[in-house]
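Right after this note come the structures.
Common to both upcoming complexes is subunit A, partnered first by subunit B, then by subunit C.
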Partner chain A sequence: MTQDALLEIKNLKTYFHLQEGIVRAVDGVSFDIQRGQTLGIIGESGCGKSVTAHSILRLVPAPPGNIVQGEILLHRQQVPWRATVGRDNGNSATVGRDNGNSATVGRDNGNSASVDLAQLDPRGAAIRAIRGAEISMVFQEPMTSFGPMHTIGNQIIESILLHQAGMDKTEARELAIENLRKVGIPRPTEIVDAYPHQLSGGMRQRAMIAMALSCSPRLLIADEPTTALDVTIQAQILELLMALQEEFGMAMMFITHNLGVIAEVADEVAVMYLGRIVEQASVTKLFDNPQHPYTQGLLNSIPHIDEEKLPRLRAIEGVVPDPYEIPRGCAFSDRCPSFMPGRCDQAIPDLVAREQGHLVRCFLYSEAEEKLTRI
Partner chain B sequence: MVDESKLNGATMSETQDVAPSNILLEVKDLKKYFPIQKGLLRRTTGYVKAVDGVSLFIEEGETLGLVGESGCGKTTTGRCIVRVYEPTAGDILFHENGSAINLNDLERQELKAFRRHLQMIFQDPFSSLNPRMTVLELVGEPLLAHGIASGTELEDRVAEMVVAVGLKVEHLPRYPHSFSGGQRQRIGIARALVQRPKLVVCDEPVSALDVSVQSQVVNLLQDLQTELNLTYLFVAHDMSVVRQISNRIAVMYVGKLVEVAESEELLRNPKHPYSETLLSAVPRPNPHHRMQRLNLEGEPADPANAPSGCVFHPRCQYMEDICKMEAPPLAELTPGHHVACHFADSLALQGIAYSDSIAVISG
Partner chain C sequence: MLAQYIGRRLLLLIPLLFIVSIISFALIQLPPGDILNMEVLRLRSAGTQISEEQVEALRQLYGLDKSMPEQYWLWLSNILLEGNFGTSFTYVKPVGEILAARVPLTAAVAIFTALFVWITAVPIGVYSATHQYSLIDYFWTFISFIGIATPGFLLALIFLWVAFVLFDISAIGLFSQQYETAPWSWAKFLDMLQHIWVPIVIIGMAGTAGLMRTMRGMMLDELNKQYVITARSKGLTEIRLLVKYPVRTSLNPMISTIGWMLPSIISGEVLVSMVLNIPTTGPVLLQALLNQDMFLAGSIVFILSVLTVIGTLISDILLVWLDPRIRYEGMT
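Coming up: the complex of A and B.
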């Protein structure tokens, strides 16, 4: 769509078919992730931010989960006429090094430029060649994302050997040590032989990042990577991720519920509520001029440590509804201070551009509406 | 080690003379060591010094925020104060009607009777409520246990409390599973407050909640404090939330207090390098203020094997030789501002500037 999209998601719908009913965890989400940029996704529990990430890598457990509609396009190469020169030096180097890549391309029926991840078999060779190589992921809980029975090094080496053809074990081990050093782990030559339980939470998360970066991914998905960590360690990890992004030129999708963290790392921010994006803008526009009542509510409800006055927090009323009892019409309508009876509870507003690059889904700004597909 | 703890105690008792007289709780040189046991015979091979000589006081009606990173002993301190854990050493003085009761000396039965004055609100609203009890039973249980009320009186008091925390009377016969996290936390709050305690230890009460619900619970705690004249010890790791609710803030690092001051004073004018680090690491919801971060090397020390001298010295960018040898006592630098640092009066540390002045800098 715009400039130089690496990943383009169009109208993604991921539903979970459970006994209690259908949970529309992701219900019509569209966004782009630009090469080398960071898209922040913010939302509370149950908003579908993690399911979106898992859908991209096809990690949604099926059954009960299922991508029922939508495209997830991975654009491997820049569309030539849009090519920008400066930013992507690191990237082209990656392509050169990545011998495994060309093999992948072959398996994708010759569709080398773009792949629709939504169409791939979640257990197939094509998606497995992408996972961990072109797109990798850092999870929230560093304890459970490593297997406890193998050393950190062996797990990183395994991922390197899987994705980088032509590398032998010694080279892979050297690369693993090199990556551990890059993420700031002291004594990497010793830590490479340590088991996950021997490392602290912060160190484990660093090792996780080293593993995620071991194949120079084009896109790193970070799902609440600092939520389980202490603030000083969180700050270290955030700085590390941004420094590595600069070095490798990769794109990032950064998922969190912490508005402070998103303000620090993101270029573009999408706010999700109950399976839909309700507002999307550049990080400065979103924080300086939030438009959707939910975004405004979130920003008002958190304490600002650098404000001189200490006003009472203006909380959003109510709670995030149960996924089986989403209000009719706009999902936020039952908590919204600007609720318009007869309008918000009748139809779902469309996501429209309030101004260039600032999308809002709210009847305060939009006449357009989506057809009510649910009853 | 022994000398140092004496030193700490001495400094604190001096400050106690200066401090105002409406002190509700006074903790003196509190220690909690957990034994490390090894081998078949479970011999004790060492101790985790979770709390190592903490002294503090809380005035009636105020909120003292206790902040620190995981493993610093802040939760253990809170639990020792309500004696969920048996302290290894130290005094916990509860002032009531002009006389002081040392909680650490109370026997089981005495303690049980006294507990109605001391309550705790827990972090996880999912595991802290018995799933087989209704709201009425959960909130009413403390009244029954202490023989405060029963029958219709109990029901009336429970109903009153439940309404005060923002739930409805219709919720009384329901079980915890039918409530959201925020509502469960309200039940936990009602359970703690129904016997009208004087002191409430809040252990990370909002950390497990959604962002939009956190503020509701913070507001609720503030309202109830005014209404019921409560005194809070607010244990948390989120500086922004702690500042919102606390009159004074105590910063803890590896079992020791490193700084205690009025909230605004601590934020704007920190005197301990660790407080400075902690403040600079707080992520701010302001994209115009991106990381101007400081000394962020290393990780918190292991309380089982704490560094010699000042516990913060391996991470401290202002470290000098004396810091490795000698632990600095917690001393009063300016009235009400206590710091445990050898160079507290000479270091120029950076606190949190107000956002308008930041805008000038970044612009």
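Coming up: the complex of A and C.
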């Protein structure tokens, strides 16, 4: 695995300040997305995976949402010395992430090739130049992702003209048709003039992908792109995304709550629970050897086709707690089968390397603990 | 395809207008008695002797002795074939002559009021929605509740009083004195524009207040829709994406209320026009109804209904033209 990060997120905290209290939707998340690789983010509804994605493009509605801390570094060019670090000392990389060592901090000083998205004005020109051009996004709801009043082509061409200077309308239209063809839409010359309501959900999602790819982004954020589709269409869209990723050489951040989907597309997987990453590893390690009780619970809850008779689905006990009443200590402690009284409910465990490239946030494996800041 | 749709809608107008004419005629016949009862009462109280034969002769002269369907047919055929709306008993003038001066003014007031309502309500609604719960949003909410709750004639009275007491201006009428009886000219038109904004603002107040709220609510619904976030994620500027996507979608109910706006403007206009002494159809209609001047009242009701039907047609055509979802599903 090359150590060539395109996007580096360090200790990101996105909070929502609501009347009922503060919702810590993303509470100290750190990860890298490598060039050309796919990072899968998995978790239940409300675990903060979508808010993380929206934070990258600064789409979190403010107010009430707000990035209170952290860095989102977009490295436009390969950082030369970094390639030598390699993954073989994965531990140090992990430590560096949490502590923000001086080398990491020093890198963005005066380096225009890297930009901290968290510092940009969410309405400013800088982030707008990145949206849709360097980082683009595909959303969950294909039925409502396009504006109903304009043709598909109009909306794709709009994006092209916005970011690709020197292109005129006819060229942009050609490119839009070309992209529609690439995503497997039949009769693209006709569909380009179709209105969103004239297309099926699967077709709309393809068109959405065509729009997201229209400016050849470095990173595609796919926020549950297949959740609203039926299973056969789901498989087609996944294959399409993977094929296009190879063709365009882009990185992908793939958000889903579907373990089967993540196993298929991701290189690296991060499991999120209530705003924090609880486990992160390569896809094979995570599925073969899950460490965190939450990940184990998730994997156990999948019915296996080869099991002879499955009386009941093994679900994780309890429900995701109310965002205003997150348990003291480890957020998963009230549902955890390995709960250790006096330990798990006293402090939040640190995310530490269990083995090379396999990070877990659990007291079963670590003595390290974060200071308990919450009451 | 659009031409075909408009053609079909125009054909449908014929039976619709026919029904409208029947209802207009029936409505003015509903109150007991007729114009002659009023006239005879007036003459007798004035001391004039009038015999039953004379009354009967008058009755025949005006065709009041005929059956209802016959009277209706006479009325309608005169309008359609000769453009003759009959004679007003109270004004002793052809109805057409009375209305020729007033209907265009009513239409002008209505159209200008509609424009005023739109031009003010849409931007305010958009601003209120994008700045929800801000001080300015609360300010407009407050204004709109007052606007909805205050009757137009009261607003007109207050306005007249304020203009007179504070600025010593008489805001009555639509023209300055020297133009009141003058024939139409460019100068008279300009003079009218100087005066017409008073009734427009007063009549439009309630409409603006209501539409502002509608626009705000529609925008709040649309602003959270996925396609707005999609547009934002493409890198569009906030203004551009607002205008192109949610505002455009939110305009639908605005457009479809054009048709209903006309009758509400016209009925709201009656009292305001009385107070401000504006020569529109409103005051005449009220007088005609009180006097049972049936040809005059019937013609006004009929003409205003026709205008409303046409307004609805225009709003439907606009909707089809603006909204592809309606264009493709409603027309096939």
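Throughout what follows, the second predicted complex is superposed on the first by the 335 of 375 C-alpha atoms of A that agree within 3 Å, B and C clash if a C-alpha of one lies under 4 Å from a C-alpha of the other, contacts with A are read in each partner's own complex, and residues count from 1 in each chain.
We adopt the following convention: a residue touches a chain if its C-beta (ideal position, glycine included) is under 8 Å from a C-beta of that chain, and two chains touch if they have at least 3 such contacts.
Remember, predicted model here, so these are calculated numbers, not experimental data.
With subunit A as the common reference for superposition, the partners subunit B and subunit C occupy compatible, non-clashing space. Once the two complexes are overlaid on the shared chain, A:299 sits against subunit B while remaining clear of subunit C.
Once chain A of one complex is fitted onto chain A of the other, the partner contacts of A:346 are absent, as it touches neither subunit B nor subunit C. Touch criterion not met for A:69: it reaches neither subunit B nor subunit C.
Of the two partner chains placed by superposition, only subunit C is touched by A:148; subunit B is not.
In the superposed model, A:57 makes contact with subunit C only, not with subunit B. After overlaying the two complexes on the shared chain, residue contacts for A:260 are found with subunit B alone; subunit C is out of touch.
Of the two partner chains placed by the overlay, neither subunit B nor subunit C lies in contact with A:114. Of the two partner chains placed by superposition, only subunit B is touched by A:233; subunit C is not. Taking subunit A as the reference chain, the count of touched residues is higher for B when subunit B and subunit C are set side by side.
Put simply, subunit B and subunit C get as close as 8 Å, counting only Cα atoms, in the superposed view. When both complexes are aligned on chain A by C-alpha atoms, no subunit A residue touches subunit B in the first and subunit C in the second. Against subunit C, in their complex, subunit A makes its touches with residues 57, 59, 123, 127-133, 136-137, 139-141, 144-151, 155, 158-159, 162-163, 195, 197-198, 208, 211. Contact residues of subunit A toward subunit B in the complex are 44-45, 200-203, 230-236, 238-239, 257-264, 266, 283-284, 287, 297-299, 301-308, 310, 312-316, 319-320. Residue ranges of subunit B in contact with subunit A, taken from their complex: 69-70, 180, 182-183, 210-216, 218-219, 222, 237-241, 243-244, 267, 277-278, 280-291, 293, 296, 299-300, 352-356, 358.
Subunit C contributes residues 225-227, 229-238, 244-245, 248-249, 322-325, 328 to its touches with subunit A in the complex.
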